[in-house]
């Protein structure tokens, strides 16, 4: 694949000094595309490149994630707008990255579209989400140290009104009683997850995708049309 | 794989100046073969290399798509016949490429054979096709800007009489009331789709294959033996 | 993988002049292993290197097919025995290769172990085999020119008595009324197929594996526990 | 992937002379990660590097198995503790490697987390395990020479108390009446298997994963919710 082809001529000055970050996201895209989690130009990825003020390096809109070139990125601010003119259009979902990145300690946000996340986000939408419990792989979510736990995967209705959805997500992230953790699904759309850095966010994608596949295949295997919830 | 092995000695003069186009189709073949969409020498791919008169660069008949060599291509005209003698035999389905390429704004036509497209084209044949609705990934089809849409995937009976099938497809593409859009299936055979250029046509293949897998796995998961049609 | 590592020091003189053939089988192994058709040192592959007398180049017993080295091959005669001393042990199933290679026009024999072939060979064993009908991909079997055809996939009981099984297979290949064609399955074991040359035999493996997946997934999708047989 | 990137600067002196062993485990990790058996930093792998006293080279805790660097390894003793200070933290499950490695003739221990092993280890837990019988691929388990055999895959309840689990496993390995052989599952967690050397242990992983997929897909295909046990 051409993901290793360097075409610095198209990199905007706002991206100066971000070569390593850009290449890390390009490699992430090539891998996720190969796994089938980012096909058809779907998905978008971001890294926090400034905390005060908050600025993100994010994939431009509509690019092939299997062969991202260095020019396929934008630097945006907390409003979701580019920090300088002349950059490509950022993803339509930029505000969902901003909301996730505004949490303390978040350095990377990854959004993917897999078949299993699409199916489960539809199937469990009527009950608002589903619980994943009792799997050793839950320990791959940062801070979980035992399989004797459960995580709730919340599902938001899909919409093209991203500011509205971003506001809903923000409220749930900040919910004092029961805040969203680790990630969430958008119905018939895909996964948002994040981490301290790109490695942690990638790990969270891999963990969620593994667990989604377990939940879905278990339903097919046993005929029990419910997420597993044994503790 | 040997897809990167250049053997210009076998390239016919009619292909002079088309090295980039040929290599792009070779890379497409290597990728689709790896994904399982073009195994066993199945599939064929074309690019519009002249509009007036219409001429296509198309894969020759019966070649291994995972390891296409530069000599495995033919330049054909609107009749589906080679524009010059001494070229390899073009695909038996060349006229289906011509019909798709005759639409305004089409620059590339891709035909693939996947397991899911084979199964769905058989299962939904009695009702003439199936609707895919409500998925975010529909936005990967050019011009669709919301998931709140539906696309109808029409299914044609398979035949070895390609001129007859090409005529049926042409009529449906030109149907003033309800024209075919984006692509179609041939029963127990595979997918035809196209785009402005190769990148768009590849995106359409990836989008359709993703959606076919969603439709089929959803049927297995829920036991509902129908395509999903929620809006 | 190390399939490209050349270690000529371990190649027996009986293999002199067969470097291209050896490398072609090594590449075949690397690919089939990657696809999951030859894992765990399973499978074996052969090429006809002499017709009069019949001699085969065949993979040695118990080698990792994902990383075959040039020394992992044996040259055997029609008895299934090595043509010269000092070569590694040939596959226990060498006689099945010989029987297939004794057919006129056969230049390569491939044996693989996939999950779908294992399952179908078990499920349909009580009825002696199953018919695959009506798929376009059947045209990938040499000489088939229409989807309006059917091929019977015969299933033999598994055994460790290879000479006995080889004799059963030979009788069915020579059956004047209804000879075996293209390949066969061994119950809970795997596929044997062949071709004029390695490319054709590989194509037959890819075609059979595609069709096996269609048959099995169709059963899961529709709940009809029978091979499809529509013409 | 960066698995080929050498960063000797992070290798502890306790690992001197183990470059080949380290690289072999790095390649194993890259492959298992690609297959989906070691995603999300799950899994751990070890090699016996000294028999008297027993010392293992083992993956450090929490590393990405798809891109292990030379510094991601620890040398531990029979207590499961590092043999020298200043090394990274070894896997929390080190004692399970030690127990397996204490068996005579064991040179490598591999632990993996696949979807199928996770599902089967849960489904068959109530009956303590399941039998795999009658498959040719069983011959890939060292010492088995016929498909007319059966192997019992025992399932242990998952726990974070590794010393306790290690003791349970040890007892079953040493059980004079019916000792554990080849490997075992931990419920909703994964597989432990081993071999004389890394090649044999890898073969056992590939064989078990193939057979787990057969058992699970057969259940889905036939609707029989039991492991197959035909002899």
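Couple of notes before you dig in:
The chains carry the letters A, B, C and D, assigned in the order they are written, with residues numbered from 1 in each.
Please note the rule applied: a contact is a pair of C-beta atoms (placed from the backbone, for glycine too) under 8 Å apart; a residue touches a chain by one contact, two chains touch by 3 or more.
From a predicted model like this one, the values you see are computed outputs, not experimental measurements.
Where chain C touches chain D, under half of the residue numbers in use are shared by the two copies, so each contributes mostly different positions. After Cα superposition, the angle needed to carry chain A onto chain B is 90 degrees, rounded to a multiple of 5. Once the centre of each chain is set as its mean CA position, chain C and chain D turn out to be 31 Å apart. With centres defined as mean CA coordinates, chain D is found 44 Å away from chain B. Of all residues in chain D, those touching 2 or more other chains are 220, listed in ascending order. All chain pairs that count as touching, in label order, are A-B, A-D, B-C, C-D. The part of chain A that touches chain D in the complex is made up of residues 31, 134-137, 140, 145-148, 199, 203, 206-207, 209-210, 213-214, 217-218, 220-223, 228. Those residues of chain D whose C-beta lies close enough to touch chain A in the complex are 1, 36, 39-42, 64, 113, 115, 118-119, 122-123, 158, 160, 186, 188-190, 216, 219-220, 225.
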